[in-house]
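Input: structures, listed below.
There are two complexes below, and they share chain A, which is joined by chain B in the first and by chain C in the second.
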Partner chain A sequence: MRTSATKRILFFLLMLCIAVPVLFPFLWMLSSSFKTQVDIVAWPPRIIFSPIIDNYIRVFAEQNFLRYFKNSLIVGLCAVGFSLLLGLPAAYSIARFKQKKLSVFILVARLMPGISFLMPWYIIFSRLRLMDSYVALILSHMLIALPIVVWIMSSYFESIPLEMEESAMVDGATRQKAFLSIILPIATPGIVTSITLSFIFSWNNFMFSQVLSMEKTKTLPIAVYNFVSYAEVDWGAVMAAAVAIMTPAIILTMIFQKYVVKGLTMGAVKG
Partner chain B sequence: MKSKLITLLLLAALVFGAGAQAKEIRVLVANHPYGDLLKQYIPEYEKATGVKVNVESLQESQLTTKLTTEFATNSSSADVFMTRPLQEGKMFYKNGWYEPLTSYDFSDYPESAMGVARFGNKPYLVPLVTEWQVLYYRKDLFKKAGLSVPRTFAELEAAAKALDSTDISGFASRGKGAAAVTQLSSYVYNYGGKYLDKGVAVFDSKEALDAIRFYGKLLALYGPTGVTSMSWENIMPLFQAGKVAMWTDASVFFGQIVDPAKSQVTAADVGIANLPAGPKASNPFFVVSWGMAVARQSKNKAQAMDFIKWATSADLAKKALGGASIPMSRNSAWADPAVVAKANPELVASQAFAAKNGNPFDRPYMSAVGNARDLIGEVIIESINTAGTSQKLADLAKQKVKQVNELLEDTGEYGMY
Partner chain C sequence: MAKSSFIERHFRIIFPLPAVLFIVVMMLFPVVYTLFLSFTNWNLTSGMPLSLVGFKSYARVLREPRFLEAIGRTFSFTAIAVVVETVLGLAVALLLNREFKGKSMMKLILLLPLVATPVAIGIVWNLFFDPTIGLANYALSLFGLPRAAWVSSARSVIPSLALVDIWQWTPMIALIVLAGLAGLSQEPYESAKVDGANAFQIFRKITLPMISPTLLTAMILRTVDALKTYDIIYAMTGGGPGYSSETLNVMAYKYSFEYFRMGQSSVILVFLFLLVLAFSLGIMALRKRFEL
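Let's turn to the complex of A and B:
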């Protein structure tokens, strides 16, 4: 009885040790987003303050952040969607036909620093008059999403016993049919994992949007800089914008968390 | 067949006709009070001229990245843009990204400002906003300690020592390597030194080293904790929280430290004075922080020229200085008593002093300025870490001078000026 109580206390302390450093910046951000500029820079920091919502008003009313939300959402969802369309069959093929070279090739594309793609992309997209278009942004963000989908899913597909589709094919299904109606439903946790991860990476991407987007298709991470001007930073609004940007990602992660963990470990063990 | 041809011709005429009439220009401005002011008045310009102005506003480093990518790939659609002459001017000019502004009337600009606008004998950019180094100080703390505003570096050190306490730093200035280079520059000038002399790095001279040692000593003894990682973003909040007695930095921050919505210190307690004189001189930097230029790659140069003349006009300059306290480059703005009356008299006085005695550069003026700032920054950090007493400082500076000279040679700027 005693030991279990001590254990629980120790466990709690350990949790605290991890949670505090992880949550501290987040809490600081959250509290700052409700503070005036004076309270934000006050030293020592003010734990008790009278909260204001002016920062959020500046973010949503004056800067119209909903427009940037829409842009990020369109780009993220389309990039992930098209990546699934191309990536799932590719991953299946890599898993079943042992196309290791292909998978390494895709990984290399991901490992190359993104900035090395930017110049050629800029030339191509501007010649095609696709600057400041969703097409250019979606295509560029597929560079982020597609490798994630392929890598998570190919090891996931490998972990699914071959017998599953073989028995379907014995019963007269084509390989395509077996893939669509047997393999994909089994692979749902893996698919959810890759959707979540690739969407978050696309959501947070700064570099591609910085160069390829202009006023019309500006995405959220770029828009935060609307509050950073020459020799002046509007910290309250930056914090409020950061909270607003993080919220959807956090909600998404919370909903799909158990899939993510499961999907990742499935791939990791069997990969 | 014939009717088809006619339709085609008509269509072509329509397209080309529309092309000629579609008066539209793309303007890139920085997230800067002057950019905000322009955006406010652009509808008036559009109404008067019938030209549609597409404005994009970007944070300054994003602006540079964007312009660089667009120009380097030779596929820019930018017509007019805001630019930082000291940070990117030389590189942009050397790459041929600025259109020469031969038809612009520059007679209203101070000669020191024209020094960075001109390359060879042609002007390439219009000076827009200036800034100069000042000393911000707490009037209440000075009064309590019975001190007067320091006029020399010796007095500055004495005041820093007297005002320093456990709770309040006596003195603050940027300590974060590369960021500190601009603020150190006036100290170097006042000691009689320079970063570059006739296209050769000389910041290992005795004068420059004395300045670097003095700067390091002041910050180490009387500066805030952790000053070697502090730029203006970190020091301004400390000043606003009342934790700093004296702060030397660019004049651009004055508005924010007297704004009751941003500062805990009462505006009446904040003073602004000339940077104290050094042993050899009193030449604080007085620089053009922002300019405006027409893109060489612009396809609408006539409209672009017309726009830049309007956007940098004396009329707008007066509105900016009088209404938004933006320190404009144009002489006529500062000569207009009705405009100046709205500004803080101490700020106006420090502008007059700096405009007369100032040095037009606050950093090594070269293409690879970023790299050079990193190198000089290392010397500054070494000096702060040892309170200016480092034995290695002279050798370190010599080594960095060599590296900066190599940078100058790489771009063919060594010995050129």
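Let's turn to the complex of A and C:
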């Protein structure tokens, strides 16, 4: 009895040893976002302080942060939407006709360094006068979202038994009709997974927007980064900006926790 | 059954076609174009039209010590990060691989770094690493250790950046291995218990061999991503101090968008591209060979 109690306490302490280092940067960021500059630069670091919300006011009222929010949202949602439009049929075809080479071809986009496409894009989009346009940003973010959609959905479609669409096709439905009215509804969990993951990765992307966007279409990661270079050491505002950019992704993750874990781990476990 | 339509007869071409066209235009074409540019001396700021110069740009970049150092740095950053992440990730997964209250909470906690915006993460760590007000030095002082320079000295910048990568991505390996462990058959464990094997023997002889395919895949995914790490490095140091944290990715960015030496930056891109490709293909071949 005693040993099991000690064991449980020991285990609990071990869990703390994992959880605290993981959570600490988030907590420190959150608490710093409510600190005055004086509290932030204090030595030794202050854990107890009187919180202020001025940093958030500065970020949202003075820095036009809501516009960058809107830009990130437009780019993310459009990129995910169009990627589903292209990726779902492709993933279905890959799953049903065992188009292994095709899936490798699309997944190479996941492996390649983004910067190897960025310079040609920069040249081409400049020629087409598409710099600082939503079109260019959405196209570039689709290259992030599409491989995720294909990767997750092709294995999801594989797990759906063939009889599902076969019985419908025996009844006279075309394959595309069976895909739309039978397979897609069953695949909802997989679709939710791919939407969540690809949106988060688009939301967090820094490199593509850094080159392709300027003032009009600037997305949040760039805005946060610029904040540091302009505001120099206004740490409180920078931390408030960091909290603001991470909150949506973290809320999404909390809501769709199971899906996110599945999506991130599935490919590797299947082998 | 009705006569099959055009779509149905060519289904396996029509359905994937839009996605394939998109990838060709947005990925394959740019890669080919970069390859072409690498044989030119094009410089966007010089105003000169581009001309083909054969391997001259390659020769120039290869003679550049900065380039060779960037390659070394890319490798050392990746090696430090992936090795530590694998060891820690495996340990965390083994610890979590049991039923206990709060397991789902632990998984959620592990997910948070994976979905956090790298640029913002980098900035938060810069606050930690700040030489005068940073918590990192405060922690050292609690143990009576002298202050460290972290990302502001050429000697410690790469390990410090790797530390951030380790913080962010160890959970990824842990979660992948945890999912793998959950799928293992329980049979060998029962017979090992009957034979009276101790915990370490069970780990060495049963768990490790059974989990190694999953672990290897997780390592490959991490290696490919670590080789291309950009956001955190650029946001935290911009490749500095000096060039001391400039990896291939950061160097290529600067050559393209700060110096506009498109020919030479294409050479760097070709190398980075080949590096990732060779690594992925090599590992795939190894896996096939040993049937992992």
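Keep this in mind: the second predicted complex is superposed on the first by the 241 of 271 C-alpha atoms of A that agree within 3 Å, B and C clash if a C-alpha of one lies under 4 Å from a C-alpha of the other, contacts with A are read in each partner's own complex, and residues count from 1 in each chain.
In the analysis below, a contact is a pair of C-beta atoms (placed from the backbone, for glycine too) under 8 Å apart; a residue touches a chain by one contact, two chains touch by 3 or more.
In this text the structure is predicted, and so the values were computed from the model without any measurement.
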{"item": "Clash-or-fit label for the pair chain B, chain C on chain A", "value": "clash"}
{"item": "Touched partner set for A:Gln37, first chain B, second chain C, both or neither", "value": "first"}
{"item": "Chain C versus chain B, contacts on chain A by residue", "value": "C"}
{"item": "Touched partner set for A:Leu86, first chain B, second chain C, both or neither", "value": "second"}
{"item": "Partner chain in contact with A:Ala187 - chain B first, chain C second, else both or neither", "value": "neither"}
{"item": "First, second, both or neither for A:Met29, with chain B first and chain C second", "value": "second"}
{"item": "Chain B versus chain C as contact partner of A:Arg127, first or second or both or neither", "value": "first"}
{"item": "First (chain B), second (chain C), both or neither touched by A:Met15", "value": "second"}
{"item": "Partner chain in contact with A:Val228 - chain B first, chain C second, else both or neither", "value": "both"}
{"item": "Contacts of A:Met214 with chain B and chain C, given as first, second, both or neither", "value": "first"}
{"item": "Chain B/chain C common contact set on chain A", "value": "40-43, 118-119, 122-123, 211, 225, 228"}
{"item": "Partner chain A, residues of chain C touching it in the complex", "value": "1-2, 4-5, 7-8, 11-12, 15-16, 18-20, 22-23, 26-27, 29-31, 33-34, 37, 92, 95-96, 100, 102, 104, 106-121, 123-128, 132-133, 135, 138, 167, 171-172, 175-176, 178-180, 183, 213-214, 217-218, 221, 224, 227-228, 230-231, 234-235, 249, 252-253, 256-257, 262, 265-266, 269, 272-273, 276-277, 280"}
{"item": "Residues of chain A that touch chain B when the two form their complex", "value": "36-38, 40-43, 118-119, 122-123, 126-127, 131, 210-211, 214-215, 222, 225-226, 228-233"}
{"item": "Chain C contact footprint on chain A (complex, rising order)", "value": "11, 14-15, 18-19, 21-23, 25-26, 28-29, 32, 40-45, 85-87, 89-90, 92-94, 97, 99, 102, 105-106, 108-109, 111-124, 139-140, 142-143, 146, 150, 169-170, 172, 174-176, 200, 203-204, 206-207, 211, 220-221, 224-225, 228, 235, 238-239, 241-242, 245-246, 249-250, 252-254, 257, 260-261, 264-269, 271"}
{"item": "Chain B residues touching chain A - in the complex, by the definition given at the top", "value": "30-33, 35, 54-60, 62, 65-66, 69-70, 72-73, 75, 77, 232-233, 236-238, 240-241, 243, 250, 252-253, 256, 261-264, 289-290"}
